[in-house]
Every structure is written in structure tokens, then in C-alpha cells.
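Shared chain: chain A. Partners: chain B in the first complex, chain C in the second.
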Partner chain A sequence: MTEKKNNRYVTLLLTLLLSMVVGAIFMFALGFKPFEAYVQLFKGAFLGKVNLGTTLQKFVPVLLTGVGFAVASKVGCFNAGIEGELYLGAITAAWAGHYLPKMPAPIHILICLVLAMIVGALWAAIPAILKVKWDVNEICVCILSTYIAKYFTSWLCNGPLSAKTGMPQTPAVHENIMLTQIMKPSQANTGLFLAVIIVVAVIWLLYRSTLGYKFLTVGLNSSHADYMGINSKKVVIQGMMLSGALGGIAGTIEVLGVYGYFLDNFSLNIANDGMLSSMIVWNDIRLVPLMSFFVAALKSGALSMERFAGVPRSIVDTITAIFIIFATMETLFNLKKKKKKEKVTTVSSEEGGKK
Partner chain B sequence: MNDVFNITLIYATIRSATPILFAALCATVTQQADILNIGTEGIMLTSAFVAVLTSFTTGSWLLAIVLAIVSGIAIALIMAVANIKYNAHICAAGIAVNMFALAITKFGLKQFLGTAGTFTSPEIKEIPRIHIAALDNIPILNDIFNNWCVTEVFGIVMVVILWFLLFKTVWGLRVRCVGRLPMAAETAGISVRRMKYEVMIISGVLGGLAGAHLSLGYSQMFADNITNGRGFMGVAAMNFGGMNPIFVWLGTLIFGFIDSVGARLQAYGLPSQFILMLPYFFTITILVLAMWRKGRLSEKAKSAL
Partner chain C sequence: MAAKDDFIVEMSDIDKSFPAVHAVDGGQFTLRKGEIHSLIGENGAGKSTMMKMLYGLYRPDGGVIKINGKVMENLTPSISISEGIGMVHQEFMLVNDLTVLENVILGFEPKKGVKIDFEESRSKINHYVETYHMDIQPDKRIDQISVGEAQRVEIIKTLYRGANVLILDEPTAVLTPQECTKFFEILQELRNDGKSIVFISHKLNEVMDISDRITVMRNGKYIATVNKEDTNTTQLAKMMVGREVFLSIEKEKGNIGAPILELKDIWTSGEKELSKIRGVSFDVCAGEIVGIAGVDGNGQSELIEAIAGLRKVEKGQVILDGQDITNYTPLQARQAGLTHIPEDRNLRGLNRALSIEENLVAWRFEEKPYAKGINRNKKEIRKFAERLIEKFDIRPADPTVITQSLSGGNAQKIVVAREVDADGKLLIASQPSRGVDIGAIESIRKILNTVKKEGKGILLVSADLEEVLALSDRIVVMYEGKIMGIVDSEDATTDNVGLLMLGERPDDEEKEVS
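Then we have the complex of A and B:
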């Protein structure tokens, strides 16, 4: 087990290096200075209070959505719809934060969180139910339902819930429930600690509780789980609902910590970053925090890279995407074992890849 | 109601269906070999960008289509190599490729065309339309058959070609055999890997056409994420049609119909967000119905044994 673990770290590092080299070649070919770009990227992510604060602020939703994606993958689902759950959770929190009567801040925040979690979980249950009942591919449903969620929230904040200020946004939530800013003037907030607590709780739930044991058993082999008396269909739905709830929390923290209201189309694919930081580490939930911090740093460093090295910001996304393509290739760095296994895997790899 | 349901709706349906049709064919050909092509969206997006870029810089729509196809093949091959050679889960590879396409087109838009968000220019040479002068004065036929885009005609031709390839040739039989039972195919002397690569390349061609048509035929522009889930609608249509190109085409026509009716309903005061939501909602519904029917059929087949 430990050997396998070490192997993973080595592979991760090799993949990282490979994609950075590919990125550098790419930049060089287009006439940029790759080294300078990487230096600026690092500086923009970590040096200075504002930069570090921005990294931390971006880290929170990426972490939560990343862990959410990883949880769903534990029961064998690709929850590509966390973006939708994030949107719906965010607008629920914005609604609860403004329209509910004033009450002590901790209770109010808790209510916002719980409502957002419920909405996110219910939205994520739809693809899960369709998957277990009729074997509908969950990725398709997730992606398509995300568009529905986006348009629905857009209608809400332009119509019934509009603040009527001319901007497509909901009215601001009560001042007292806004999460406290840490590291001003950046937008980092106490949502960071909240997210860390929640992630620790989820990891505990997965590896130390009965429910988590069920999740892992179903994810490994659902027929075996059924044989042991675990209702695998129910567990898949529960897994997706937990994943959706995490998306809802991410949305809540964005609203209560950063914006203070729901802004139409605010997230710009945050959940995509979460998804890829989970996929890069093969959905190993204990590595997700590390990777999502890395991705958040890339995101926040990209701006200063564009400013000081003249490289368009979107190259960072391109490099992370290259990273993820390499990372999905399970056997890319299995050079040693390859020859031994070659004959055995010819058939099995084809079967393994057929899903 | 006459503004909504009139004779021009027929052409409007075909117009909105064609980008989805190519995407659906792209998913169909791989699904026959049991590869779920989630990356359709990414293939389409990349080639849509390449098509606009080439058309804008060289002024040739034909070259644009060719290069779009080449880029489509390139993206499909990334997925194929990841999946077949390096054992990546096909869904993971698909998602990865989609993200890659989203990022690289955004980057390319900034780097080569100097804008962000949307690019449109009169210098983009679009795919020509077939104007039949003889139909000009015949009212109904003119509305239905005149001024089709070349790729719209080609899409329907492609349905027939693909159907013939898959169901009437040895190659198609082999592809379907690989999809049904790879082990049996291997025993029969078919190289499963080779077949899968071939299928992926063809899906790259079709996805490339889908992208080129989307950005040069359906519209004359490129925008971030211009595909807007059309690749996934294609996958849904593929499921609806049960991997048979003819039925897949009918499925895309339903989507096209809903899309064009929705666009016309906008005049009746429905909030635009609901209109925009409509195609996605119906896609999910149709997908579920298709899978429900499939499940029932397979249950029936089981109980008949």
C-alpha cells in the first residue's frame, strides 16, 4: 500500500513536470518567455498579502467542489454538474440571507448553509436517480442540467428575486451574516475555516463511518455490495447527494463571504477547476486539498502573469487541461511494469476502457 | 399561432438540427464500438475555432473545413491514445478533452484574433448556400428547399453514408462486433485496438464537420463555449436513435424542432431564460425516455430466454 502511495506521488510529480514542460514549449513556440511567465505566476499567487489572500479566496470553492467531485467518484459517478449545484446553492443562500427575518448571525448562517445543502443535494439526486433506475449517463444529464440551473437562476435574479438596481443580482444579504474578512484588502474570509472543517468532516465520514464504508464498497464493486446486503442504488444516490450538498456549500460561501448577493453568472466555471483538481489526483480525496490549492494558486497567479509577462491568462487553463489529460492516462508512467504485464493487459485494458 | 407553426418551420428545424446531427453521428460511430464519446463537445468546440480562424485569415471556407476536420481528428486522437494506449477511463478522458478545448479556444481567441468572448467579422467567409433559381417562384417548395447550406445537405448525405458503412459493409460489422464483445472480435482475428483507433478518427472527422458547420454555416462567428452543450445533445440523440444513424437523425430533428419553436415563442412574452432552457430540458427528457425504452427491451429479451 505504501509503495503504491509513493508511486502515486512520483507519478503526480512527473505528470506535473511533463505538463509544465509541454506548457513551456507551447509558450516558447508562440514567442513568450516561459521561465519569466512561471516566475510571475508564482509571484502573483503567493508574494504579498493581496496575492496570497486572493489565492486563499479562490481556494475555498475549488476545494469544496473538488471534494464534492471526489465523493461522487467514490460511488462511481462523475458529478459533472457541481456548477449547477453551486449556482442553486448560492441563490438559495442569497434568498435566505435577505428574505428571512433578522436573527442571531450564527443561526442565520447555519440556516443558509443547510438550505443551500438541501437544494444542492436534491439537484444532484436527479442524475443519480436517473442513473440507477434507467442507466442514463450521468455526465450528460449533469452537464445539461447545469445549463438549466444557470438559466433558472438567471431568471430568478432578473425577475422575481431581482434587487431592481439595473444589475442582474439579488438584494444584499443582512450585513451581520457576512463572513468576516481575513487578510484585507483581499477577499479571503472565514469561509476558509468553514470549508476546511467541512472537508475534514467529509473525509472522516468517508473513511471512519458506516456510511463511508458503504460508499467505498459500492464504488469498488457494486455487485459485491449488493451481495453483502448494501442497497447499492440507494448508496449511489446518497453519494451524489452528498456531492451536491458540497456544491451548495461552495455557493453559500461565495455569496456570504465574497459577494454578499447573488450575481448572474458569477462563478465562471469554478466547479470545473474543482473537478479537474480532483481528477488530476485520481479522485483521492486526501490529495484533493493539495491539488485544489495548487489550481487556485495557478488561477490567481495567472492575472499577474498576463500583466507582467504578457502571456494571456487562459494559457494557465490550457496547461492545467494538458495536465489533466496526462493525469487521466493511468499507465503513462508504468514503464517498469509494462513489459511484464503487457500480455495480460492486452485484453483486460480493452475491457477496462470500454465504459 | 400562425407565426410559430408555418411552412418555414420545416427549414428552421433542419437548420437548428444540423450541428447536433453531426455531433450525434460523431457519438454514434464510436458508440458502435462501445466508446462513449463524451469528448464530442470538445472536438466540436476546437474545430469550430479552427474553422473561424482559417476562414478569417485565408478567406477559404473549404480550407477552413479541411483544417477543422484535421483539428477534430487531433482531439479525437488525444482521447483515443489516452483511452486505448494508456488505459484512461473514457469518460475522464472526455471530460479532460472538453476542458482542454474550452481553454485552448479561449487562449487562441485572445492570441490569434485579439479579442475575448466573441469574435465576428465580415471577413469570415461562410459556407455557401445552394440557391436554386428555379424554385424562386414556387411558394412552398421555395421555403422548404431553397438556400440550404452545403453542409446541411451533406449532413443528410452523411447519415446515409454512415448507415451504409455501419450496417452494410464488412468494416461496419467488425466495428459492431468490437462494440458487442471485444473478446470475440479478438478471437475472430480483428484487431480491437486498430478498430477503436479507426472509429475515433472517423468521429474526429464528423466532430470537425460539426464544429465547422456550427461556426461557419449555422452562424458566422466564434464565441467562448459556442457549442453550449450541443455535443451532449448529440450524445443524447445517439441514445435516442439507438446508434442507428437514421433514427439518430430523427432524434436530432426533434431537438431542432424544439429549438426553433422555442425561438419563435420568444415573441409571446415568455422569459428568455425559459426559452433557452427548453432544449436542455427536452434533451434530458428524451434521453431518459430512450434509456427507459432500452431498459425495457433488454428486460424483455432476458425474459424471453
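Then we have the complex of A and C:
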């Protein structure tokens, strides 16, 4: 087990280096100076309070949606709809933050959070229920339901919930429930700690609790789970709901920590970055934080790379994309693994031979 | 003795390692023209690996493979096929939606311009059908024919591709005794026609029936090659296992008590057919083993699933110790005292990606002391697992090992341990010794007998008729979703049960037939 884990770290590191090299070749071919670009990227992501703060601020939603995606994958679902859950969670929090009467801040924040979680969870339950009841492909439903969520929130913040300022946004939440800024003047906020606590709790839930055991069992072998008396359909729905709730939390922190209101189309596909961070590390929840931090750093460093080295920001997306391609080629750096696979096939065929 | 040079296949000092497993170590095998040569050994002895190397699926790490006197290096399946080697795998490699004819010619179609020449294919196939008396129906789709027929199609397919050497990997596992007899006749005709046959098996009686020579392997090592005339099953078993084996357990009529399981007119659907099970009724009493015999696919699996709550019972009643458990969920059925060793341990029985301890605790992980609230108590789970590992002699004795890497026997012991330890009223044992080595078969059968002596009811399903006969007190024979007959173990023989399995009643009508 440990050996396998170590392999993964090495593979991940090699993949990272390789994709950076490929990215460099791209830049070189386009007439830029790759080394300088990377230096600026690094500086822009980590050096200085503002830069590091921005990285941390971007890290939070990527982390939460990434972990959310990984949770769904544990029950065998591909939750492509986490962006939608994030939007609905965000607008719920923005609504609760503005329209509910004044009350002590901690309680109010908690209410925003819980409502957003419920909304996210219920939204994610739709594809899960369709999947277990009628075998509808959850990816399709997720993609479509994300459009609905986006357009619905867009309508809300342009219509019934509009702040009427000419901008497509909701009225600001009460000042006192805004999460404290921790690295002024960047937008990093205490939502970071909240996110870390929640992620630790999710990891505990998955690997130490009976619920997590059900998730793992169902995700790995649902026939076995059913035979052992676990209702696999119920567990799949629960898994997706937890995943959606995490999306809702991500949305809440964005609203209460960064914007102060719901802004139409605010996320710029943050949840997709989360999804990718999870997929790159084979949905291993314990590696997701690492990967989402890296992705967030790329995102926040990209701006200064563009500004100071003249390299277009989109090159970062290219690097991420290359990263994913390499990361999915699991055997790329591991010839040993290849041999192992061969062994697995013999074992299974031997097994077959005994029937 | 024939001269050395008429070996059609010669494999010497073969060596093959997979990471962590030395699969074949000094393997020897020779094959003459026109002989049936059996390759026997326990599971994992390296028989399949040897033959896969001959067929070019694996490359040996060391040793020499000669085919038709030529040293073959870099053997691939296509080279092997062109050298006249053909392999019939245990899982048939047939396309269900195509007809028999299309399956046979697939990849080697005779062409007329750009079209397939079906006339020529048909006449070629008919040639094999007539020469070897293999009746097949060329225009039926594969999913419409029986397993026995599918096997004949596989053989014709191999012959059609020009095979002189046929490697048959456990071909009789799916056949009834009667189909077996017919199958052996075909093999003999093939041999008389000069074809050579490698027969991989672990059923010693069959091996003694059909072979000219027998090669025994154990733990990847070559043990011996003997002529059939010079050996007997006892000696072969000893060579295979490395010690004396006692598979035939002294059957004691236990104290048969009140009915534990009562099935009353059960009806249920299969995956494809409605009413797969049509009105099945029988009892299993305390202290009794009732065996269900039948060719695979005659409704045994569906019946078991219906009893265990995994398939909906459409009509009828399942009564466990006086309690109506019809259409209980699997968990409710367990709580009512039903334990179940499922037929496919890789699909249902085990979660192969999880460790031994997680599998052992799989149905009681929410109970105290293994969990407090939702907090799992890993220490208690470990203790529990260690106890079972010791009691049931599961190897390796490390509860954290992932079950995927275990041998069939030890993997099955995990399932058996979990279900027997659950201490229910009824134990359903479906194919309990499928794919496990002789040593494990021996201990699993002993365990079943102990459970019976404890006064529990056992419902045994096995595709291995010998196993059913060896263990059961009563035998229920199923055919096409119905009960063909219930035979007391004293009256049961391979012949009369075999006939019932084929849907025919024995001629002598005195047999107790319900």
C-alpha cells in the first residue's frame, strides 16, 4: 500500500515536470522566454502578501469542489455538476445573508452555510436519483443541470433578487457576517480555515466512519454491497448529496469571504478546476489538497506572468490540460506497473480457469 | 515408445515469473502427434501459464519452446495459430449476437470479391461436423445455443483455423456427465484423426478416462509425466497436492430436525426470461444438507438470489424457521438468520479492492463493538479479523492484505469464515469450492459438515455433481427452472442424477420423484 502511495507521489512530480517542459516548448515555439515566464509565474503565485493571499483565496473553492468531486467518485459517480451546486449554494448564501433579519454573526453565517449545503445537496441528488432509479447517465444530467443552475441564478440576480444597481448582482450581505480578511490587501479570508476543517472532516468521514465505509464499498463493488445488506442506491444518493453540499459550501465562502454578494457568472469555472485537480490525482482525496493548491497557484501566478513576461495567461490552461493528459496515462513513468498489470491479468485468468 | 523426434510440441526448462510470483519454474511438456495429453495440477500450479506461453500469450523468461521441431522465439498468438496451435479458453470467446457460422469464420472469412463466401464456409464447416460428429446448428445465434454446443463451436472454430494441436482449458467444467461422455467421444475421434490434444483439468476421473499421458504440475514446478496405464487417481492426487488427500468425507446422517427453510411455490424472473423459476417448493431441515444439482443456468442462481433477498419473489413464500422472509432486504434476511456464501466470490462475496479485515467485518461494520455511532473502531475490527483468520486458517495471516492478491482458496475461506461465523440458522453455500485448490476444498467441506452437525440447515448448490453427491443428504435436481426430482442420497448416482439434470427421468420409475 505504502509503496503504491510513494509511486503516486513520484509519478505526480514527474508528470508535473514533464508538463512544464512541454509548456516551455510551447512558449519557446511562440517566441517567448519560458524560463522568465516560469519565474514570473512563481513570483506571481507566492512572493508577497498579495500574491500568496490571492493564491490562497483561489485555493479554497478549488479545494472544496475538488474534494466534492472526489467524494462523488468514491460512490462511482462523476459529478460534473459541481459548478451548478456552487452557484446555487452561492446565491442561497447571498439571499440568506441579505434577507434574513439581523442576528448574531456566527449563527447567521452558520445558517447561510447550512442552507447552501442543503440546496447544493438537493441539486446533486437529482442526477443521483435519476441514475439509481432509471439508470440515466449522471454526467449528462449534471452537465445539463449546471446550465439550468447558471441560468436560474442569472435570472434571479437580474430579476427578483437584483440589487438594482445596473450590475447583475444581488444586494450585499450584512457587513457583520463577512468572513474576516486574513492577508490584506488580498482577498484571502478565514474561509480558508473553514475549508481546511471541512476537508479534514470529510477525510475522517470517508476513512474512519461507517458512512465512509459504505461509500467505499458501494463505489468499489455495488453487487457486493447489496449482498452484504447495504442499500447501494441509497448510498449513491448520499454520496452525491455530500458532494453537492461541498459545492454549496464553496459557493458560500465565495460570497461571504470574497464578493459580499452574488455576482452573475462569478466563478469562471472554478468548479471545473476543482474537478480537474481531483481527476489528476486519481480522485485520491488525500492528494486533492496538494493538487488544488498547485492549480490555484498556477491560476493566480498566470496574471503576473502575462503582465511581466508577456506570455498569455491561457498558456497556463494549456499546461493544466497537458498535465491531465499525462496524469491519465498512468503507466507513463512506471514500467514496473505495466508488469504488475500483466500479473493481474494472469491472476484473473487463472481464477477463470477454476470455474 | 515413439522416437524423440516425433514430438509436435516440446517445451523444456520453461521459466516464467510475474512480479512476486514464480509462476512456472522448470516446466516440461511434450506432445506427440495423435495423443491426448492431460496437464493437471491445482489452481495456480502453472498449467494455464504454461499453455498460454505455448499459445504465445506470454513470453517465457527462460527455456525452449519447439513446435514441429523448430525452436520458436518471440512466439505470438498469430505465429502459434499459423503453426497449427489452437486454444479453447475456459470462457468462450464467441460473439453472442452473431450466428454460429459467422463466429467460426470470424477473422478468417473466405472471400468472393469483397463479399464473404458463405457457401464455401458452410461446406468447410460441414466437413468438420460430419468428420467428428459434432452436431451444431450453423444458423442459430450463439445466445440461442447450449453451453455444450458453444463448446463444440469453439472447437470447430479452432479446427477451421487449421489447428493440429488443441489446447482445451478445463473444458468439462460446464458440461453434464452425459454431455461429457459425448464430448470425450469427439476428442477420441479427433485423436484418431491425428490431432493432438492438451487437456487441462483437475478432475482426476476424467483425466484417467481420456488421456494417453498425464503431466502433473505443482506450485509452478514440473512433477512428472506418466502413462495412463501406469497410474491411478490416488497417485495423481498425491502428486498434485504433495500429500494424501481425503475429499470423501464420512457422511453421517445427522439428527435431522424440523424444517428450517421452507420454499412454497416460488416464482421469479431471470435477467432475460420471465418466470425463470416456476413453482419451486422444497424444505431444508435442521442438521441436513440439501444439494441442488443442475447444469449451470437452469435457475439455481436465481433461486438462491430470490431466497437471499437479492431478487424479487413474484409468487410464493420463503419461510425461515417459521418466519416469513419473502422479499426481505438482504440485511433483513441476514438478521433473520440467513447466511449466504455467494456463487461468485469476486462479484458478490468479496470486495476485492479492500483488505481481509474489511471483508470479514463487511456485514456487521455498524454493530458494536466494531463501530460506536458512526466512528469505526479499527482495533476491535482488527481483533475480530485476527480471530477469524486463525480459526479458519486464512493465509497470509495479515488482516491488512488486499484480498485481490489472495489465492482462490484463501479468498473463498474469507467468505466462508464470515458467513459461518455469522452463526445463522441456514447457510446457503453456492459453489463453495469453485476455483479453489484441493486443500481448501477439503477444509471447506469439513466446515460445512461441522455446521451441519451444529444443527443448522445447509442449502448447497454446486456445478460439480461429485460435490453435491459427496455432501448432500438429499439432492434436488433443477431443470429449466423447475424441480425435476428430489433424490435421497442413498439412491443417488451420477447416472440417475445426470439424467434428471438433462431433463429426462430415469427409466426405472421406482425412484422417489416428486
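One rule holds for everything that comes next: the second predicted complex is superposed on the first by the 337 of 355 C-alpha atoms of A that agree within 3 Å, B and C clash if a C-alpha of one lies under 4 Å from a C-alpha of the other, contacts with A are read in each partner's own complex, and residues count from 1 in each chain.
In this text, contacts are C-beta pairs under 8 Å (C-beta built on N, C-alpha and C of every residue); 3 or more make two chains touch, one makes a residue touch a chain.
As the structure is a computational prediction, the values presented were derived from the model and not from experiment.
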item: Chain B versus chain C as contact partner of A:Ile139, first or second or both or neither; value: first
item: Partner chain(s) touched by A:Asp226 [first = chain B, second = chain C, both, neither]; value: second
item: First, second, both or neither for A:Thr210, with chain B first and chain C second; value: second
item: Which superposed partner A:Ser314 touches (first chain B, second chain C, both, neither); value: first
item: Chain A residues touched - chain C or chain B, whichever exceeds; value: B
item: Shared chain A surface residues [contacts with chain B and with chain C]; value: 347, 349-355
item: Chain A contact footprint on chain B (complex, rising order); value: 34-36, 38, 41, 78, 81-97, 99-100, 102-104, 106-107, 110-111, 182-183, 186, 192-193, 196, 228-229, 232-233, 235-236, 239, 271, 273-274, 276-277, 280-281, 283-284, 287-288, 291-292, 294-295
item: Chain A partner contacts - residues on chain C that touch it in the complex; value: 18-21, 23, 43-44, 47-49, 52, 58, 89-91, 169-170, 173, 200, 308, 310, 329-332, 334, 340, 342, 346-354, 358, 362-363, 365-366, 371, 374-376, 378, 400, 402, 404-405, 408, 434-436
item: Chain A to chain C touching residues, read off their complex; value: 1, 205, 208-211, 213, 216-217, 220-221, 223-231, 336, 339-340, 342-344, 346-347, 349-355
item: Residue ranges of chain A touching chain B (in the complex, touch as defined); value: 30, 78, 80, 130, 134-137, 139-141, 143-145, 147-148, 151-152, 154-155, 158-159, 269, 272, 275-276, 279, 312-315, 317-318, 320-322, 324-325, 327-332, 345, 347, 349-355
